[in-house]
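Each structure below is given as C-alpha cells.
Two complexes are shown next, each including chain A; its partner changes from chain B in the first to chain C in the second.
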Partner chain A sequence: MLNTPTVTMFDLHVVLPAAALVFGAIVLMLSEVFLSSPNRTYMAVIALVTSGIAGVVALNNAFEPARLVLQGFAVIDPFSSFMTVMVCLGTGLASLLAAGFLKHRNAERGEFYALMLFAAAGMSLLAASNEFITLFINLEVLSVATYALTAFLRRGPRPAEAGFKYFILGAFAGALLLYGAALLYGATGTTRLSDLATLLPGAMATRGGLVYAGFGLVLAGFAFKVAAVPFHMWTPDVYEGAPTPVTALMSVGVKAAAIVAMVRTFLALVNGLDPQVPFILFSLLALLTMVGGNLLAMPQRNVKRMLAYSSIAHAGYLLLGVTALFVPDAARSSDAGGVLSATPLLANAAVNASVYKGILFYLLGYTVTSIGAFGTLAAIERREDETRSNTWDLERLAGLAQRQPGWAAAMAAFMLSLAGVPPMVGFLGKLYIFSAAVDAGLIWLAVVGVLSSVAGTYYYLRVVVYMFMRPAAADAPATFRHWTTEVALVVSAVATVALGIVPGPIAEWLSRAGMVFGG
Partner chain B sequence: MEHPLTQYLPIAVVFGLAGVMAVAIPFLAGVLGPRTRTVMKGEAFEGGNAPMGSARQRFAVKFYVVALLFIVFDIEAVFLYPWAVNFRALGWFGYATMLVFAATLVVGLVYVWKKGALDWES
Partner chain C sequence: MTVVPTAHYLILAAALFCMGMLGVLVRRNALVVFMCIELMLNAANLTFLAFARERGDVVGHLGPFFIIAVAAAEAAVGLAIVIAVFRNRGTVNIEEIQSMKH
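Our next item is the complex of A and B:
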C-alpha cells in the first residue's frame, strides 16, 4: 500500500515565493528565444517584478505561525520568510544593476536574469529546509545557478578561472556536507532535522564518533558556503572574476541563505553533544573570520577584492551571532551527570530571540549596503578595462566626487555603513549583534569583534579619501549611465541611511522572527 | 546478537578476491611473461592499420549539449516509469505532480529548440 502524502494549500505557502521566482525565470527564458527586441531592459523589469511579487508573498508568510509543513521536510517560520524577503530585495536590486552593466557589454540575455531568479528560488527554499536531502538539493540549485552566472561573461581568463574555482570548491563543500549528513543518517536513521534533534542524544551513547564526524563535516560544508576563515580561500578570486552584479548577489543572497540554513541545522545538531564542542568550534570560526577578514582586506588596493575580504569579515560578525546561540549554560554543564543530555538552547530563550533579530537585521543592512557598494563599482568599471589588471584599483575612484558627486556620496554612505559608523544601517546591525553576544556572555569575543571592526574602518575610509580628496586622473574615462543603475543605487543608498535612522517598524517586524521553529 | 553487517560478508569476500586478482594477475604476467620489444610493437594499436595523426583531438561542443539533453530526458524516463507503474495508487496527486514536472521539461525543450541547440549544422 502506498501512502500518498496529503498536501494542503496551507502547506504550499512555503513554496509560493520560490514558485513565483521559478515562474518568472521560465518567462524570461522563453522571452529570450521568442522576443528578439534589441532593447532588453524589459528583462530586468520582469526580474524585478517577479522578485517583488515573491518578496510580498514571503512577507505575508512571515506573519503566519511557525510550523512544520510538507511532512516535516520544510518549516515555515518568520526567520526563513524574512530571509526570503531579503533575498528577493537583493535579487531585484542586483537585476537592476545588471541591466545597465550587461547593456554596456552587449551581453543582455534572458538566461542571466533567469539564473538569478533560479538562484533566489534555491536560497528561499534553502532557508526553509528542515531535512538534509531537501537542504542539499536547494543548496545545489542555488550553487549551480551561481556557478553559471560567475562565468557568464566568457571573455578573458578571469571569469573562466573564477567559475572553475567556484565550481570545484563548491562541489567539494557540497560533498562534505552530504557526507556529514550520511554519517548522521547512519547514526540516527533519519535525515529530518527535527527528528535528529530528538534522536541524537540517544545515538550519542552508542555511536558518538559517528555523530561527531558527521557534525564536523556538516560544519565544514557550511563554513565553505558562508566563506568563514579558514574555508575562505576561494572568495576573493571568485568575487573578483564574477560580473559585479553577480558578486553583489553572491555576497548578500548566498551568504544570507547559508547562514540561515546553518542556524537551523545546528540548532538541531547540537542536541546531545557535549555543549562545549559546538561552542568552541563556532567561537573559533567567528574569531578567525572576524580578525582574518579584516586583516586580509587591509593591504588590498583592488577595491573589488577589498570588498570580497570585507564580506568575509561580515560573515564573521554574523558567526559571532550564531555563536551566541550555542553558549553553554554554565550551571548545567558543571553538573557532571547532565553534560551529555544538556540542551544549551532552552536555558537562554530570551537571548536567542535577540540573536535571531540581530542576525536578520544585520543581513538586511548588509544586503542594501553591499549591493550598493558593488553596484557603484559596477557603474564605474568600463568594458575597455576588462583586460587590464587595474580595473578596480583605488585610483579609479580618485576624484569621483567631482566627476559623479551623487555616486560618490552614495559610495561614501555604503563605506561608512560597512565600517559601522552611525547613523548608517551597518552601525545598528553591529549594535544588535554585539549586544546580543554580550547578553549571551561572549564578552571577550564581542570585544575582539569591535576592535577588528575598528581596524576595518581604515580600508573603508581609504576609499572615501580617494573619492573626495584625490584629483581625478586626466584620462579618466566617461562613465556609462543607465537609469536602472541609478534607481538601484538611489534605493540602496536611501535604505542604508533611512534604516539606520528609523529602524523602528522593520526592527519591530524582525523581533517577531525570534520565533524560529524548534528554536 | 548477530552484527547487522554479517550478512554482507560474502560480498566482502568477493571484493577481496577481486582485489587480489587485480593485483596478482598483472604482476604474474609481468614476471612470468616472455617479452620482445620492437618499434613496431611499441606503436599504438588501432585495429591493425598504421596510426595517423594525434590521439588528442578536440571534439565539437555540440556533443556535450546532446549528452546533457540526453541525460535530462533519460532521467525523466526514470521518474516516469515508477509513476506509471503506480499510476492508480498515486491518483490525482501523482498526476498533478507529474504534470508539473513534465510541463517544466517541455518548456525547457521549447527553449532548447528555439535556441538552436538541436540544429546539428549551424
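Our next item is the complex of A and C:
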C-alpha cells in the first residue's frame, strides 16, 4: 500500500515566501530572454517587488503559532518567519544597489537578480528546516547561488578568485556538516531535529563517540558558514572580491540564515550531551570571533576589507547570544552527576526569550546598517579602479562630506551604528545581546564583548574622520549616481536611525513567548 | 552468504572522508581539491547508506539521492568558476591564485 503523506494547505504556509521568491526569479529569467530593452532597471524593480511580496507573506506567517509542518521536516515559528522578513528586506535593498552598480559596469542581466532571489529562497527555507537533509539542501541552494553571484563579473581577476575561494571552502564546510549529520543519523536513526532531541540522551549511552564526533563536525560546518574565528579565513578575500552589492547580501542574508539554522540545530543537539561541552565550545568560538574580528579589522586601510573583518566581529556578538542559550544550569548538572544528565539545559525560558529577541533585533539592525555601509562603498567605487589595489582605500573617502554631503552623513550613521554608538540601531542590538548574556550568567564574556566593541570604535570612527576632516584629493573623480542606489541608501539610513530611536513595537513583539519552536 | 558488517562500511567511509579532508588541505591543484570535496560528500553518502541498511530505514536511503543531486549542481557552478579563473590567470594552482593581500 502506498503511504502518501498528508500535507494540508496549512503546512504549505512555510514555503509560500520561498515560492514567491522563486516565481519572481523565473519571471526575471524569462524577461531576460523575451524583453530585450536596453534599460534594465525594471529588473531591479521586479526583484524588489518580489521580495516585498515574499516579505509580507512571511510577516503574515510570523503571527501564526509555532508548530511542526510537513511531517516534521520543517518548522513554522516567528523566529524563522521574522528571519525571512529580514532576508527579503536585505534582498530588496541589495537589488536596488545592484541596479546602479551593474548599470555602471554594463553588466545588468536578469540572471543576477534571479540568483539573488534564489539565494533568498534558500535562506528563507534554511531558517525553517528541521531535518538534516532539508537543511543541507537549502544551505546548498543558497550557497550555490551565492558562489555564482560572487563570480558574476567573471572577467575581472578578483571576482573569479573570490568565487573560487568561496566555492572551495563553502563546499568543504557543507561536506563537514553532512558527514556530521550522517554520524548523528547513525547514532539515533533519525535526521529530524525534533526526534534527535528526544533520542540523543538514549544514544549517548550506546554510541557516545558517534554523537560527539557528529556534534563537532556539524559545529565546524556551521562555524565556516557564519565565519567564526578560526574558520574565517575565506571571509576577507571573498567579501573584498565579490561585487559590492553581493557582499552586502552575503554579510546580512547568508550570515543571518546560518545563525538562525545554527540556533535551531544546536537547541536539538545539546540534549543528552555533557552540558559543559557545548558551553565551552560556543564560549570559545564567541570569544575568539569577537576579539579576533576586531583586532584583524584595526590595521585595515582597505574599507571593504575592514567591513569584512567587522562582519566577523559582529558574528562574534551574535555567537555570544547563542552561547547564552547553552549556559549549563550549575545546580541541576551537579545533582545529576553531570555527564549523562538527560535534563534539558534550557531551564530558564525567560533568559532564552531575551536571547532570541537580542539575536533577531541585532540581525535586523545589522541588516539595514551593513547594506547601507556596503551600499555607500558600491556608490563611490568606480569601474576603472577594478584592477587596482587601492580601490577601497580610506583615501577614496577623503572629503566625501564636501563632494556628497548626503552620502557622507549616511555613511557616518552606518559607521556609528556598527560601532554601537547611541542613538543608532547598532547600539540597541548590542545592548539587548549583552544584557541577555549577563542575565544568562556570562558576565566575563559580555565584558570582553563590550571591551572589544569599544576597541572596534577606532576603525569605524577613522572612516568618519576621513570623510569629514580630510580634504578631497584634487583628482577625485565625479561619482556615478543612480536613483535606485539613492533610494536604498535613504531607506537604510532612515531605518538605522529610526529603529535606534523608536525600537518600541518591534522589540516588544520580538520579546514575546513562543518565538522558537521547542525553545 | 556472509553479510559485510556495518563497521567495515563505516571504516571505508571514514578513510574516504579523511583522504578527502587531507586532500583539500594539502593539494594545490584546484581540480584535485574539488575531487577531494566530492570524496568527502561520498563518504557521507556511504555512511548514511551503511546505517540505513543496518536499521532497515527508508529515509536514510533517500538522503544520498538528494546529496548526489546537490553535488551535481555544485559541480556545475564550481567547474564554471574554475574555468573563469583559468581564463583570467592561465593556471589552476591554488598558491598562484592569491591576488588579494592579507
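Structure notes:
The criterion applied here is as follows: the second predicted complex is superposed on the first by the 507 of 519 C-alpha atoms of A that agree within 3 Å, B and C clash if a C-alpha of one lies under 4 Å from a C-alpha of the other, contacts with A are read in each partner's own complex, and residues count from 1 in each chain.
What we mean here is this: a contact is a pair of C-beta atoms (placed from the backbone, for glycine too) under 8 Å apart; a residue touches a chain by one contact, two chains touch by 3 or more.
Predicted, not measured: the structure shown is a model, and the values here were computed from it.
By the touch criterion defined above, A:Phe136 reaches chain C but does not reach chain B. In the superposed model, C is the one of chain B and chain C that contacts more residues of chain A. Contacts of A:Val7 after superposition on the shared chain: chain B is touched, whereas chain C is not.
In the superposition on chain A, A:Val144 contacts chain C only, with no contact to chain B. Contacts of A:Ile26 after superposition on the shared chain: chain B is touched, whereas chain C is not.
When the two complexes are overlaid on their common chain A, residue A:Gly186 makes contact with chain C while staying clear of chain B. Of the two partner chains, chain B is the only one touched by A:Phe34; chain C is not. Overlap of the chain B and chain C interfaces on chain A: none, as no residue is touched by both.
Listed in rising order, the residues of chain A touching chain B in the complex are 1-2, 4-5, 7, 26, 29-30, 32-34. Against chain A, in their complex, chain C makes its touches with residues 10, 13, 17, 20-21, 24, 30, 33-34, 37, 40-41, 43-45, 47-48, 50-52, 55, 57, 59-60, 62-63, 66-67, 70, 73-74, 77-78, 80-82, 84-85, 87-89, 97-102. By the touch rule above, chain B contacts chain A in their complex via residues 86, 89-91, 93-94, 104, 107, 110-111, 114-115.
Within the complex, the chain A residues that touch chain C are 132-133, 136-137, 140, 143-144, 147-148, 151, 154-158, 160-165, 167-168, 171-172, 174-176, 178-179, 181-183, 185-186, 189-191, 236-237, 240-241, 305, 389.
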